[in-house]
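What follows is chain A paired twice: with chain B in the first complex and chain C in the second.
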Partner chain A sequence: MSDPNPILELRGVGKAYESFALRDVSFSLPRGYIMGLIGPNGAGKTTVIKMILALVRPDAGRIRVFGLDPTLEGEAVRARIGFVHENPVFHSALSAERAAAAVGPFYPTWDEAAFRSLAKEFGVPLSGKLKTLSHGTRTRFALAVALAHNADLLLLDEPSSGLDPAFRRGLLDRLAGVIEGGDTAVLFSSHITSDLDRVADYITFIQDGVLRISETKEEVLERHALVKGDVALLTEATRTLFVGIVTGDFGFVGLTADVEAVRDAFDGESFVVDPATLDDVVFYTGRTGPGGLRLHDHSV
Partner chain B sequence: MRRVIQKDLILNRNVILINMSVFAACLAFFAVWPEAFSPRAYAGFSSLMVSFLPVSIVTREDKVRAMALGCSLPVSRRTIVKARFLLALILAFLGVLGAFLLGAFVPFSKFEVGDLFAPGPVLMALAGMTLILSLLLPFTLRFGVQGVMIFLIATQVLGVVLFTTVKVTGSVVDVWLVDGIRGGIARLHEAAGPVGFNFLLAAALVALLWVSYLVSARIFERREL
Partner chain C sequence: MTIPSEARRPGGGVATLFQLIRKERTVFTVRDRFYVLGVFFLASLQTVTADEAFFALGIALAGALAVYVPIIEWYQGTDPMLHSLPIRRGTVVLARYLLAVSTSGVAGVLWVTTGRLLLPILDASRATPAIWMTLEGVITFFVFVGLLVALFFPVYFRLGMGRGSLVFLGLSVALLAIGYATAGLAGGPARVGILGIPPPSSLVLSRVAALLGSLGVAGTLTLILIGLALLFAVSLKLSQRWFGRREF
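The block that comes next holds the complex of A and B.
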């Protein structure tokens, strides 16, 4: 990520709560790209998005959005951000139309016609009260609002949860279209890694408040591989070659970030190397199996 | 700021209308009930009722967890607080005005226009409204609906404890306190004259509201959502 003026940049960001801490998170998102923010529940993804919106203050590090500090210049920053929160909460007794009428005027670039067109396309009944809509339809409404003011940065916190597969696919195509001009970027947190497989250019993986990976999707997929073999191959030394290992009666399956080192270490032995998916990366990183935990932080 | 007020009015239109209707019915009842209230008491009671309405807008936002949405919009937290105070004052002022008009003109009302639109009741209403808003809005903005409940319950519990303690110990501290306040006000009234006293009271209310706004803005800017 060599863009000297990324649309979003986090450097050494930390936030401590009583039972959870986000530590030293650094990544940047260039213009014209989609970044997938992945990690298990409670990993810190929502905290990162809230800090970008200045809903939460970081304890350490610095955040720059469009080169501005969102804590000090939040109004200017948020005017250019389209957001969808994990649980899109509006006053539920309102109709979608009135909720949009309350929110739209805040954006100088609000396009009422675009909102109506998006709402129609997304199947959001404008006159229906939000409380009568399903979670998925409320998310569609929030997406229509987020997309209706030509934002430069879209922050989407689990937007695809609750959406049916057909709509999800359409949404991903739309996001791909949004960045086509090269001025807009999307930060998209999701548990559904297949969505990110489809559209993400960059992957940032957070686990237990620690940044595990932040690089291009191609780099993540090229660097990681699944290795399957007999448990006897696992020694003190060879275990260190894996990011995570699951062992069982069948043998072991391990995720490595250094395939060549594994090939060298297991030279002459029987083992299989398969390409890893994003799902594998999330699943195996820090995985505890009957054979024990192998968890190694690797620099990004 | 206009957009924040507009948003709050759109989001809370029904709540405002329903509450205003209920308040109007209550106040009309008290206006025609001969033994109910003196003009000053009516003014104080109406200011108490209408001042809870703007507070309820904030508590409702907190209750439905829409505060994060409001603060994700391109507006500063300080502007949100400023807008909330302005809207609260407008609603409370219009509410009190409506209550006075209702009290003066509702059929069979025991009040004359001059009973309510006099310096005493007007100042009583302004003082009641300012005190409630100044005390409750910072709590509401910081702690939400739970904060208001805790504040109100704690105030009542504290009152009961103090009253019980005073009665059990046979102390006259309550009498001393009330007499002290009453005496202080009387001395101030005498020293400053009616016009000067009203001016001082109005200045004190404005100062209280300003301090409340500064405290509210400070704590809301630091609130994590």
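The block that comes next holds the complex of A and C.
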């Protein structure tokens, strides 16, 4: 990521809570790209998003959004961000139309006509009280609000949860369309790796508050591979070549980030190397602890 | 009225301030307003002839109108949504104070109007609340409402509605105890409250009456307004400072 003026940049960001700490998170997102933020529940994804919005103040490091510090210039930053919370909560006694009228005009670039058009397209009943709408429809409403003010950065926290597959796919296509002009960027967190596979240009993987991966999707997929072979191949030395390993009666399957080293180590032995999917990378990387230390092999 | 510097800063402009006030009014739906006012009028029928209870009801109405939206937002969990909008925290605080001042005015008018309408209709011969339907009674009402709002908001903005309400309740009880003790020590008027001892409102009422006698209406109002303005200025600054540190 060599963009000298990324739309979003985190450097050494940390935040400590009583039972959880986010440590030394660094990544940047250039304009015109989509970054998928992935990690298990409680990994720190929402904390990262909240720090970008200045809802939470970092204890360490620095965050720049549009070159601005959100803790000092939060309003200027938030004016250019379209945000969808993982559990979108608006004033439930209001209709979708009134709720949008209550929050939309805070954005200097709010486009009422665009909102109405998006709400219609997303199937959000404008006269329906928000409390009567399903979680999925409230998420659609939040997406319509987030997309209706020409935001430069879309921050979507688990936007696809609660959405049906057809709408989810349409949303992903729309996100791909949003960045076409090259000025907008999207950061969205998701558990669904197929969504990231479809549209993400960058992948940032956080686990237990530690940044494990932040690269282009191509780099992630090119660097990683699945290796299958007999368990007898696994020695103390060869195990270190794997990010994560699953063993069973059939043998082992391991994810490596250094295929050539594995080929050298297993030279002359019988083994298979397959391309890794994003799902594989997340699954196997998630089986290791901070700093890449293997917590345990996962046996099946 | 001079707009505080908070409202003139970028992102915290007057337009944002008015938009916030409009948003708060939208959240306080017409149906909810009817509910609050309905409860007030029904309770008025029971308390209008009961001295301190009617005074307390008026204070409760002012408090309910001032904190209705913060309670709704806390209950519905909309704080993260609100603070993800391009609004300064200080402007949110300022809007809530301005609304509280205006709704307190509305509560005062409703309280006095209700009292004046109901007292002649009901058995007014044994009703002492008529003493509140006087200038010193109304001034006393606004002094108490001002104290209530100026105390509640910093606690709420520092601790949130859940813990803040408990702390505020504790502080209120402590202040009431001090008020009763002071009223008792001061000898107070012969009138006794629901606890069988002179209530603090009686002490304030008699002091306001004395001020009106010595300073006249203009002098008393000026003094009271300056006092309340200073109290609100300190309260507002504390609220803005504490709310700026809150995380959502």
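Everything below uses one rule, namely that the second predicted complex is superposed on the first by the 287 of 300 C-alpha atoms of A that agree within 3 Å, B and C clash if a C-alpha of one lies under 4 Å from a C-alpha of the other, contacts with A are read in each partner's own complex, and residues count from 1 in each chain.
We take it that a contact is a pair of C-beta atoms (placed from the backbone, for glycine too) under 8 Å apart; a residue touches a chain by one contact, two chains touch by 3 or more.
It should be emphasised that the depicted structure is a prediction, and the values quoted were computed from it without experimental measurement.
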Overlay done on chain A, so just call it for chain B and chain C: clash or fit.
clash
Which of the two partners, first being chain B and second being chain C, lies in contact with A:Phe141: first, second, both, or neither?
neither
After the superposition on A, what does A:Phe115 contact: first (chain B), second (chain C), both or neither?
neither
Under the stated touch criterion, which partner chain does A:Phe205 make contact with: chain B (first), chain C (second), both, or neither?
neither
Find the residues of chain A that appear in the contact set with chain B and again in the contact set with chain C.
50, 53, 55-57, 74-79, 81, 83, 85, 88-94, 98, 101-103, 105-107
Under the definition above, what is the set of chain C residues touching chain A in their complex?
10-12, 16, 19, 22-23, 26-27, 29, 31-32, 72-73, 76-78, 80-81, 83-88, 245, 247-248
Which of the residues in chain A come into contact with chain C in the complex?
50, 53, 55-57, 73-79, 81, 83, 85, 88-94, 98, 101-103, 105-108
Per the touch rule above, chain A residues touching chain B in the complex are 50, 53-57, 74-79, 81, 83, 85, 87-94, 98-99, 101-103, 105-107
Residue numbers on chain B that touch chain A, as the complex places them:
3, 6-7, 10-12, 14, 60-61, 64-66, 68-69, 71-77, 79, 222, 224-225
